[in-house]
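Read through the structures below before going on.
Shared between the two complexes below is subunit A, which pairs with subunit B and subunit C, respectively.
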Partner chain A sequence: MTAGEFLNLLVAALLLAGIYATMSFGMTVIYGVMKIINLAHAGFMMLGAYFAYELYQRLGVDPILGSVLAIPVFFVLGVACYFLLVRWVPTSDQPTLPSLLLLFGLWLVLQNVGYSVWGNTDRSILTPFTLSTIRIGPVSISTLRAVVFAVAVLSLVVLQLVLTRTWFGRSVRALTQNKLAGQIVGIDTQRTAALTFGLGIAFAGMAGALLATLYSFNPDFGRPFLLRSFVIIVLGGLESFSGVAVGALILALVETFTILVVPAGYQVAISFALLVVALLVLPGGVASLFERRGRAA
Partner chain B sequence: MSTQRARPRPLRRLGLVALATGLLVALTACGGGAPSGSSGATGSSGSSGAAPQGGAAQGGGAAGGGEVIKIGVVLPTSGREAKPGTYQWEGIQLAIKQVNDKGGVSVGGKKMKIEPVFYDDESDQAKSASLVERAMTADKVVAVIGGYSTALGQAESVMPDRYQVPWITPGAAASTIFSQGYQWTFGTLTPVSELGYTTGKFLGWLVDQGKLQKGLKIAMVLENTDHGVDYGNGIEQWLKENPGYFTVVFKENFELGAPDFSGLLQKVKNAGADIFLSDAHLQDYITMHRQYVQAGLYHQMVSYGARGPEKDARDALGDAVTGIFAGIWWSKNLPYPQVKKFIEDYKAAYGREPDSWYAATAYDAVRALVTAIEQAGSLDKTAIRDALRKVELKDSLLPGQVLKFEANGQLKAPFVIVQNKPGGKVDIVYPADAATGEVIAPIPKK
Partner chain C sequence: MSRSASVAGGPGAARLAAAALPLALALLLAAVPLFGLGPNVIRLLFVTLVWVTTSVAWNILGGITGQVSFGFAVFYGLGAYTAALLIRGGTPPLLAFLAAGAVATVASLVVGIPTFRLRGPYFAIATIGVSEAVRVTMNNLAFTGGASGYRIVERVPFNQMTHYYSALALAALAIAVSILVVRSKFGLGLMAVREDEDAAADLGLNPFKYKLLAHALAAALTGMAGGVFARYAGFIHPGGVFAFNTSVSILLMPVIGGLGTVWGPVIGGLIYGTVQEQLVAAFPNLHLLLYGSLLIVIILFEPKGIVGLVGRLARWAAGSRRQAVPVAARGASTGTGVES
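On to the complex of A and B.
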């Protein structure tokens, strides 16, 4: 392999990591506070994709702008979902079966709503940037993948700022660390959980809208991404955004470079092998490694 | 205390993640099956529920006949396969109406009308199989037409031999259905291996025409499904029978619905092939070709198997799809008079032209069954099955115009090769006697 080919693959892996991180932040934020594995995440991503599509088709709104507009819309949708459905399921400091089944059911409902409204036709968004690339020497970078990567980095920065600089962020961190202690010091858990669920769904909607610029989609959209999100958040440590970014990078690097020696058909097997290894060897994810190093220092 | 608390956490987490993954995998198994020929049709879902439609037969003879012939139709008109299933149901209804309008089917000198008993399987494999069972047992139909998509067709295909009722699938073509030695199973969709074989034949014809050089190198990337395997086998079969034309320098499977093909396309690039042949579902075709263009790849000929001319792909990729060729089961541009009449009748009945091949194979399935019943001269199921084995429709809508089942029960008609042309045009380019335009070979380098 030439240096140029290696660089091309490295950039492709980085851009893929951006896609993976963008779609995983929403699941992580919900799990961190509520200890709920949001199986409906793919359903909201699918709705986000159609949201960008409809805005583009009907009003000519650029899908990147559509992804920004998706944030408040899906935030409200998420908060509504929380009050209508999620708050009624029993919560614990570990994920519970009722919440898992509720959100799995919600995903099926969203999928079937999608089939009813849009049918099973594959849709795509074609913009002047769809096929455009940025060339830097031997490296070719897809413009839209670069945008998604930039959004992933920006999201990580914004999330960290929200978590460290705002009252809501401090509440989230407190509840993530110890829910009971948080309640004792006066944190409104119901309100924080509602806002967190809204934030998670807002990220799912935004991710779906962004991914709609890269992939064709139908109401089943998001399933392969959801499987990978599991791997990423387990690798990342379930509750850490920077861990998720590292998890996304690890998975993207492994998938991209193992293809050179392993047939591409084994990509899913590689993802699941990583999931099993992470759960058995590093159940706290890569974030626990950072914590251990921090404590050792 | 702390050790007791610490130990179960990873295990509990492992259990819940495993459960969540299990739910996902279960959903994938239920609904994620690869349709054999779905190309993203449009329209709205049809009737729902498992209740049969079409009314009860009057009388009820020994074989479910009486004054009418009851035919079971099991197709998805709701769920993920609703659109193609609806189109197939429309083709069936049109054929039945035309037969009934002419007085019905001649059985032993007596004219009998056909009464379809329709069941919507809701794109669900388990429901699909149980509805076929119900049609063959409780509702006592003389034959069943059903099974759109490989997944649903496979589920249904175990019933015909069990209950000894003829079954014709107009929408499932995987070799796994027709290699089981079933005696009551028939299909009007040509096997996918034939798609690969026709692709090889077409490329060989281009060499013979002097449009491509002999000895070019082929790179093949195939989705890891029965569809992909059959396609690859078909190409290799032709290459084996015609040595010297091409050499396969790269062949690899890929994951269905993969989010990224950068690594795979890098390997394709490294292989230094002249022709790029992929077998992919529509979503993968769009994702892969987008990255193919972005990576600056070029091959003299490019194909994604049965994918290529879809409007969705052009909507997603614009002129980047120009030059791509595809093998398809049927085209409304086929220059046969019966195809033109079918399109006129279909438009009169439904107010639009048939979308893709779905209605055509279903329409011909009814015609084959009617011919078999007339030749059998009775509603005895064994006699109908035996007649189906000998049926030869010489005015078929399908390429080649002849519908005749092979020994395994499956039709083996030629595929039509179409090619995307500039400005959104799609031409039939092979076989030559059906061509509507000149083939572009090799594709010009941009």
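On to the complex of A and C.
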């Protein structure tokens, strides 16, 4: 492998990591506040992809703009799901059996909605940008991937601001750290949970729309990404928002470079192998390396 | 105290019925050839019994131990392929079924050892990944025919009843195992792990070991079910035995019947097995929706499934006849609903 090829792969991995971080974030924030693993994440990503697709096909809205428009729409959808379904399942300090089964059921329903509405043929979004590239020295970057990366990073920056600068963000972080203590100091857990679920779904929808510009999709679209999201948040330490970025980068690097050795069909197996390695070697996630101090037991 | 003496006949009769009913059912199923049923009905019964086995097996891990797995198709499929390869190689079917169970058990350890060591959702999600990874691998594996499937050639004349009885025996074995687990100290340990891992560990049992054992037991039974099915089907392919839908079905049955109970998964399996094909035929494009909404409705309204519903109705009926305190109290205790 020449240095140029190496550099190309590195850039590709970095661009991929941006989207991966966006898609995993929704899962982390929901897990952090509610200790629920959102298995329907994959379903909402799929809906996000079709959302961008329909906007583009019917109204000619650019899919990148479509992905931004997905945020409010999916936020509302998420809040509605919370009040209709998620609110009623018992939660604990780790995912409960009912919550897993409920969201799994929701995922099946969403998948079937996808099949009923759009059929099982693969769709893709082709814009004039799809095949254009930018060349910087030896590195050629797909314009679309660069734009998608920029949108993903921007959304994460906005999110970081929300989490650190607003009362809602502070409640989210407090509940993530210690739910009981959060309640004691007067955080409205119900309201925060509803908003958080909306936020998580909003990110799932947006990530789905962004991914739809890069890959073809069908109603089963989200499944491989569900495992990837999970690997990323495990690598990141389950509840750490900065860990998600690191986890996304690690997975993207591993996936991009193993393509050289392992056939693309086995990519899912790679995510799983990475998960096993992470569990065996680094059960606290990458974040545990940086935050060695405090929080005993 | 005096009141408990006055109703002592009630629970006693109920217990007698609880023991007699399954026995009667087993005798009925064993006597099936005497009724002169057509091969199609027998086939339906065979498939139902295989489903019952997997349902009971899943319940040992998911219901009794409280560890949700979305990947039992892995064990089912591995069992099916192991038995298929061995039977085609000339191994006696019984040995092939045992080997199918053994391979599934080994696979269960591969998934369980890294994920069960930690608390939290690791196991549940990993099972989704594993089933996906295994299916993709089997699609590309050359010596099993890859995605185009594998044909099982057996050098004995086909006799449907042999298959039927092997499924019946396996289902009976699974139910017996499930009863033994629930009544044993081991089963109590599993329930302790489900209710509170920390408390269970404080009492001196090792949750990791218990979860791993429950997983292995469930996997072994599921693998054998896969083997029995493969021998009957004569042809298997990754899109069938390793399909995500298989995992969904295996998890759905105990939820329908009643998680954590002995007879709930049996009832769920019987219902699902007999209704499923008609359902798919009637609504070919809606079965995921059906399964999904069924899961949602059950979890939201009756987490103990049919067994819970029946119990609630019985309590309601008893309550309307007389204020039957002992029955209501027994049902309302946060117990595990082991007695169905």
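Note that in this section the second predicted complex is superposed on the first by the 284 of 297 C-alpha atoms of A that agree within 3 Å, B and C clash if a C-alpha of one lies under 4 Å from a C-alpha of the other, contacts with A are read in each partner's own complex, and residues count from 1 in each chain.
Criterion: a contact is a pair of C-beta atoms (placed from the backbone, for glycine too) under 8 Å apart; a residue touches a chain by one contact, two chains touch by 3 or more.
None of these values were measured; they are calculated from a predicted model.
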*Based on the superposition on subunit A, does the combination of subunit B and subunit C result in a clash or a fit?*
clash
*Now for A:268: first (subunit B), second (subunit C), both, or neither, which partner does it touch?*
both
_Which partner chains sit in contact with A:97 here, subunit B, subunit C, both or neither? Use first/second/both/neither._
both
*A:138 contacts which: subunit B (first), subunit C (second), both, neither?*
neither
*After lining up the shared chain so the two structures overlap, which partner does A:105 touch, if you call subunit B first and subunit C second: first, second, both or neither?*
second
*asked:* One more residue to check, A:72. First (subunit B), second (subunit C), both or neither?
replied: neither
*If you stack the two complexes on chain A, which partner ends up touching A:4: first (subunit B), second (subunit C), both, or neither?*
neither
*Please name the chain, subunit B or subunit C, that touches the greater number of residues in subunit A.*
B
*Between subunit B (first) and subunit C (second), which does A:88 come into contact with in this model arrangement: first, second, both, or neither?*
second
*Which holds for A:230: it touches subunit B only (first), subunit C only (second), both, or neither?*
both
*Would you sort A:113 into first (subunit B), second (subunit C), both or neither based on which partner it touches?*
second
_Colliding region between subunit B and subunit C, picked from 113-121, 203-211, 221-229 or 257-265 after the shared-chain fit_ = 113-121
*List the residues of subunit A that touch subunit B in one complex and subunit C in the other.*
37, 39, 94-95, 97, 100, 104, 108, 115-116, 223-224, 226-227, 230, 234, 238, 263, 265-266, 268, 272, 275, 279-280, 283
_Which stretch or stretches of subunit A touch subunit B in the complex?_
1, 5, 8-9, 12-13, 16, 19, 37, 39, 94-95, 97, 100, 104, 108, 115-116, 119-126, 130-131, 133, 140, 142, 214-220, 223-228, 230, 234, 238, 252, 255-260, 263-268, 272, 275, 279-280, 283
_subunit A-facing residues of subunit C, complex_ = 62, 66, 68, 70, 114-115, 117-122, 124-126, 128-130, 132-133, 136-137, 139-140, 244, 248, 251, 255, 259, 285-289, 291-296, 299-300, 303
*Mind pulling up the subunit B residues that touch subunit A in the complex?*
9-10, 12-14, 16-17, 19-21, 23-24, 27-28, 31-32, 38, 40-45, 78-83, 221, 224, 252-255, 257-264, 266-267, 269-270, 282-283, 286-287, 290-291, 293-296, 312, 315-318, 320
*Residues of subunit A touching subunit C in their complex?*
31, 37, 39, 85, 88-89, 94-95, 97-98, 100-102, 104-113, 115-116, 223-224, 226-227, 230-231, 234, 238, 263, 265-266, 268-269, 271-272, 275-276, 279-280, 283
